[in-house]
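Below is one structure, written out as structure tokens; the observations come after it.
Should a chain be cited, it is by its letter among A, B, C, D and E, assigned in written order, with residues numbered from 1 in that chain.
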Amino acid sequence: MSLSALLFCLLLAAIVAFVTGFWRAKRLSPDNPRAVHSRPGYHGGYLALWTALPAILVLLVWSAVEPRFIQAEVESNLPAQVLEGSEGQIGLAMGVVRSVATGLERLTPAEVAAAKASPKEAQRLFESKGVVIATPPAAAVIASAEELNNIRHLSRLAKTAVAAFLAIFGFIFAFRKLSPNLRARNRVEQVVILALMAASSVAIMTTVGIVLSVLFESIAFFKHVSIIDFLTGTIWDPRFASAGDAGGQGQFGLLPLMWGTLYISIVALVVAVPIGLLAAIYMSEYAHPKVRATVKPALEMLAGIPTIVYGFFAVVTVGPFLNFVGSEIGLVIQPTSVLTAGIVMGIMIIPFVSSLSDDIISAIPNALREGSYGLGATQSETIKRVILPAALPGIVGAILLAASRAIGETMIVVLAAGIAANLTLNPAESVTTITVKIVSQLTGDLEFNTPQTLVAFALGFTLFILTLGLNVYALYIVRKYREQYE
Amino acid sequence: MVDFSIEPSALNSSRTASGLPTAQPVDYKITARNVSVFYGEKQALFSVGIDIPDRSVTAFIGPSGCGKSTFLRCFNRMNDTIASARVKGEILVQGKNIYGPDVDPVQVRARVGMVFQKPNPFPKTIFENVAYGPRIHGLAKSKSDLEEIVVKSLQRAGLFNEVKDRLDGEGTGLSGGQQQRLCIARAIAVSPEVILMDEPCSALDPIATAKIEELIDELRENYCIVIVTHNMQQAARVSQRTAFFHLGYLVEEDTTDQIFMNPKDKRTQDYITGRFG
Amino acid sequence: MVDFSIEPSALNSSRTASGLPTAQPVDYKITARNVSVFYGEKQALFSVGIDIPDRSVTAFIGPSGCGKSTFLRCFNRMNDTIASARVKGEILVQGKNIYGPDVDPVQVRARVGMVFQKPNPFPKTIFENVAYGPRIHGLAKSKSDLEEIVVKSLQRAGLFNEVKDRLDGEGTGLSGGQQQRLCIARAIAVSPEVILMDEPCSALDPIATAKIEELIDELRENYCIVIVTHNMQQAARVSQRTAFFHLGYLVEEDTTDQIFMNPKDKRTQDYITGRFG
Amino acid sequence: MSAVAQDPSMSDSDAAETVGRFDNPALMRRRRREEVRFQAYGLIAIALGMSFLVILFGTIIRDGWTAFFQTSIELPIKFDAAEIDPEGTRNANTLAQANYQKLANQALYGQLGVDPSSRAQRQAANALISRDVDSQLRAMVAADPKIIGTTQNVWVLASGNVDAFAKGKIDRQLPQQNRQISDQQISWIDKLTASGAMEKSFNSGLFTNTASSQPETAGLAVALLGSFYIMLIVVLLSVPLGVAAAIYLEEFAPRNRITDIIEVNINNLAAVPSIVFGLLGLAVFINFAGLPRSASLVGGLVLTLRTLPTVIIATRASITAVPPSIREAALGVGASKVQSVFHHVLPLSLPGIITGTIIGLVQAIGETAPLLMIGMVAFVVDVPSSPLDPATALPVQIYMWATEAERGFVEKTAGATIVLLGILAVMNILAMVLRKRYERKW
Amino acid sequence: RDQVKIAGSSTVFPYAKIVAENFAKANAGLKAPVVESGGSGAGLKQFCDGVGEDKIDIANSSRRIKKGEQETCTKNGVADVVEVKFGYDGIVFASDVKGAAFAYEAKDWFNALAPEIVVDGKLVANPNKTWKEVNAAFPGWEIVAYIPGEKHGTREVFEEKVLVAGCKATGADKLIAEKLKAAGTAEDKLHGATEKACAKVRKDDGGKHAIDIDGDYTETLARLQANKESIGVFGLAFYENNTDKLRVATVGGVTPSVETISAGKYPVSRPLFFYVKKAHVGVIPGLKEYSEFFVSDKMIGEDGPLAQYGLVPLPEAEAKAVREIVKDLKPLAPLS
């Protein structure tokens, strides 16, 4: 049986086990349900879990390791000249064998005979069954394919047997345990909690995965360039570093990128924070609930628009507009500049500030407002002097979240920030950011096994650390804030 | 038969003596006429009228939901802050209708201070809590002026000695009873004419309650105080006049002695003898 | 002197007659021995012991924060759900220590029902609210069985007539008093042996309160009821026995008559005469 | 007293100038003005935010709505048997190999009166119709070989440049050498338009065609399907995983260092740049697990990881919002913790979970950067039949079209953006409806 | 796998798309290849990752494979790589269509963009701020040039064919070499170091004179439209599709076009390549067929769709040689 069929059977078995357990439990004490610890459903669940879970776990592990075994087995019988080749070539040969094997399974016995007789005929037959192969298969390949099919059949049989054994054994074991005193509910719930726990470990594993996937390449990069130079260098000009110029190492300087990243984020915050905060204040304190109910989700749409759309908006609309405004007032504003990217990014993160702040302001206990009104304060005085100071830590948390979003934003800056790594204070000039460089170093025409591309991973790692720091800080602030109200 | 009698000390006879004789005309600080309050469709208060004398404590009692808070919040137009609330009738404070056409509720609230059920100090320093009112109303000419106001208010609220070393500590860091006294100090700091208190002790422990009651007794000498309470013993202990509310109606209003010893209405009697509530 | 006396009808003498004579040994439903409760470092209850008889109402009174709720929540191991809470000592329900090593707290709670301060019906239909308990405990063999349980529970809770036409209406759509009775019905539906009530009327209006009190009086015939209340009149009205707590200690426990008319401890006396609280 | 100098928001001059009682009219006036001004700031902020939204949508719709229409030309095409099937065998292979483009070109010459002997004229005329006419006619013949030998009026696609011209995206006033359309071609187009043989109609091809190098035949089918698979995977994985994780963390996990770390970690993941997730996907799913490149499965997995934190955070928030009294009520009638969670807490937090999920999905469907890293920026002609097949996604398609040289792709880019925004809007409305439906009061 | 997988250069991408599309139409049994666009380097990286079903078959590149890359390939078992040069990409300079006309020589670019230029026989920091200062025939626009970023293959061509050529034409290379020698550069490295130095781009005035574009030509076009008095670098194909927006400049008196480039008159062009993994031929269906189809006259010929799009076709002799290579799958010899 194939894996999916097996799983399906196990599911059926689990259902049967469930029903059995259910009925058995009902019989345990038909007159006094209270005398039985757990409800029949839990007994059923207990039985079903014992029946299916071990078998499923074993099956999954088996299926994960099976291909390697089969591969090794079939490989060992490949023609000698194939085996001499590299691992990749063996892999390719195996690919052909697999295709042929699939093809053979789709043929009728008569066709199989015909296919064996003539490779050309085999190719034609396979193609007619939807299996395209590049060249007519040699006899050895067909032999290997048959072997592959045989081993697969065997493995499947064994798998089925093991699964059946485990299911039956589990069923019997659990069935004998069914009794009024069995804490079936607790057992089943333990499994549920374990499953929940496993789910929450995915987040951890993701982080581990991220760290691992950038760590090794970063280390490789730091073999070329010293970590100190990377962190403290003020010049980003990796291309010319590779020439082996004197002082070339310093040209992987993170600082201009870091500055660009922070500068754009700051501009974005300068746009988003006042607008977002004032909008939040108006929505939570002044606006009619109906207005709030429409404005809030409408603003939230700003965060839902794909950033690539913002990117083009920046290049096509905002950049030229700023440039035009600049020329009207006698300023040179480059179309891609800190301002362009910052403003557009600011628009994007408005909802992060407005929605979160709105929630936070609304959560400020009404007692504070009443306390202030009671002293004869106007509404704006109350907001400015009581509500905002009280909400400040939460608002700071929201702003930090928006900031980390801005720091990590890619598509807008790729299109709107520019790529010159400038250490400039002038917001009308273009700077570049860490994310821009990650994309361009990875997708460019650069030679791939050089520090120029490896640096992308080091940059990714830096970015990860940066946002981590911000988040830890945000959490610290939010924690503090929580305590104040509890 | 269980005896719920209140001992003389609780209904301090000396206070009663210094209280206001009912029959005699007094200068009323607040006069309410035909006040009805609606929350949306629902009427919470039905044409209530009352006269509240200055320099004394008037207690509102009655079972939960009878409209005590609603009525109290009419006196400083606090009900304005509830979108669904509508107030009809007139309320004169010092002879002027605070629901008149060109009255600014903000100014009303400066004249009629309020203390709430749950102590609600601002999350600022103790000093800033008290200084807040004077600042927004521009009551202090200078820094030292402001300091003086703050200190005096804290002293009056009987809190100064406890907090004088940590005026720049957080107001929320005080104990519940201290917080409530801080709120009273905050209210006093804008020198209101009236102080409204909505169950000021219901969130406090007995010792803190006793302190607040003492304080109310002292403040009475300078302010017109209206207090809502659930606790009849408390009403008896601190007030000179008592008004009993039931289902949105003002059932009976008289000197505290009269209400507790000689209630005219059957409902009042049932309530104070614990038949309900 | 103000007379807070409670009239005979309030402390129903017939009930007192049918109540349990103190001196005589009775079958105690709950026995607590040396119960101390800690919240983290802080001790909230100090070695409390009590015997609670079956088929009667026992009231816990005392000022706020004295540990009434804490103690009550020990009887159905509800304190287990608070991470910081630790309970020492033993509590026997029907002779079995519910804090014993292999006791499943979930089962304890099925036997010892609870009604909370704020009515907390599930946001489901009225029917589902009551049916929930019987369902999870498998108390009904069939649909009609379940219906019977629900109807009976609602009847017992005195709610059936009011809601019989809208059993599939939302439980949260009822008035406060009805909600509280629904919660009682929900508790009854799993046929517990004990019903714990933590200030069940404090969020209700007088009329609803009266109904609940009546209900408690009826339920007493079949259940062991423990009720926490802030309201001494209520304790006097509904309970046969009363325990007075103060600062985490059980100060005094006796028949209600004794406690109210003849308290042994000075603190008890001060409390019931309104000297504090 | 050190505390005095604290409130800087109130200038001292303020205080000094206006000492007095509450009926100080000057102070009162100022306070009222202040109030009005403050409200105005709020209104301005909201107006700004909303106008950004309107401008964004306005520009996109202005540039893109024409992409939903397509110019076609009606040609009387003679399905010449001699040309299509000279031997008359009606062999499918022969039919497939025939030069159909030529048939269309000839019909066009006839229609426009082009001199077939002039190569320049021929080429100019050929450029009016799409190179894809070939496949269109081939499909017609394959479907019904009987039309061979007849003359049929067929609407064929105009070429991308003609389409752009017809929509006014190419300026008639420009000098000829600067235009993609010559004066001669313009006169032809005018002629065709006048005779009603050239019309604009709804462009269903935008949704049904797959990738193409010509703007007139390029469509979103692969991208839409790819995005659909990705969304499906994201929903199927991130919702159960996210909700389960949130339940565990909020209801069962002990509060300690480890759960603190998990919490920081999840918050951080929500803020990790999406491009880093692309690096993760490349390393883990493609290089380590050996999943195929360019497949929507990998895209789905990467975006699942990207979405997971959002779902967890939103779910946790809505679980916390369920009042403890509900949990107590359930425990009080003897439900176990697990029962109280699954019977009561979870259903009640459904609106919040839905909101969080939709927010996560909305983010995921617009995500471009991580897909750049896992090979989804690709030219895929075949409609993917499973998530394992190569595919693209909507934002990626937008990105690719945006970098095309041909004029026709400019409006396509905006058109695809409109489609994407439409999907976002539908998802948001769905969220709103679902939230309404499951919202409960307690 | 029954489908060819291709990755690499974004410059080659449009051509590969056209071929892939036509390939599927022409070969009923075979599926259209999947073509990824991620840059030459990224494509070659995947390409050299090894052989196997999960590895790509073809890498598109807008430059020749580098020695180091070839070594990695060999190390990873990708021993035999067939290099296919299928045409040229013209690189043009253009300004806004309504702007001024430019007739460049390579030295103009050097004098405009180099950090140091020759004035009166001495190397001095580039004093030129406007094009008029560079060449009196030019308008007085401020020097603002959008040049391809360093990730683009086009940049290398620009440096080699324009900047370095201009460097030599102005005689700056000799001065630079002297300077480097004085700084102690070894004799054997001198030539390379000089060329590198010649290729440098000025960064003064906040880098506003030479602006790198990492994105595509659409981005350059957008920048150009935002700043009408600026010059951009484009591919010939892109320019030809946007003649209504761009005005092209001549270089050395030659106007860029398919004809002038294939005739070798216009100097700034570069070859385009794709690399085929020989080990996959015969295993992946359609791989050989695709490669042959690509270089067929039908595709890369003068009348083919690639030329129509803007590819500069190979001269007939070269085309023939390439077809031979593809037919015989002649692997690329190790680079030196």
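As a working rule, a residue touches a chain if its C-beta (ideal position, glycine included) is under 8 Å from a C-beta of that chain, and two chains touch if they have at least 3 such contacts.
Predicted model, so just to flag it, every value in this text is computed and none were measured.
Shared contact partners of chain D and chain E, listed by label: A. The chains other than chain B, kept in their positions, stay connected through touching as one piece. Using the average of C-alpha coordinates as each chain's centre, B ends up farthest from chain A.
The chain with its Cα centroid farthest from the Cα centroid of chain C is E. Nearest to the common centre of all protein CA atoms is the CA centroid of chain A. Spacing of chain A relative to chain C, judged by their CA centroids, is 51 angstrom.
Separation between the centroids of chain B and chain D, computed from CA atoms only, is 61 Å. Annotation: 35 Å between the Cα-based centres of chain A and chain E.
Separating the centre of chain C from that of chain E, both taken as means of CA atoms, is a distance of 85 Å.
Chain A has residues 185-186, 316, 376, 378, 381, 385, 439, 442-443 in contact with two or more other chains. Chain E has residues 10, 31, 38, 215, 219 in contact with two or more other chains. Along chain C, residues 106-107, 136-137 each make contact with two or more other chains. The list of touching chain pairs reads A-B, A-C, A-D, A-E, B-C, B-D, C-D, D-E. By the touch criterion given at the top, residues 365, 367-378, 381, 385-386, 389-390, 484 of chain A touch chain B in their complex.
Against chain D, the residues of chain E that register as touching in their complex are 3, 5, 7, 10, 13-14, 16-18, 20-21, 24-25, 28, 31-32, 34-38, 46, 54, 56, 97, 215-219, 235, 237-238, 240-244, 305, 309-310. Listed in rising order, the residues of chain A touching chain D in the complex are 185-186, 189, 192-193, 195-197, 199-200, 202-204, 206-207, 209-210, 212-214, 274-279, 281-283, 285-287, 295, 297-310, 312-313, 316-317, 347, 350, 354, 376, 378-381, 383-385, 401, 404-405, 407-411, 435, 438-439, 442-443, 457, 460, 463-464, 467-468, 470-472, 474-475.
Looking at the complex, you find that chain B touches chain A at residues 76, 78, 81, 106-111, 113-116, 118, 120-124, 132-133, 136-137, 172, 183, 186-187, 190. Note for the complex: chain A touches chain C at residues 33-34, 36-37, 39-40, 183, 185-186.
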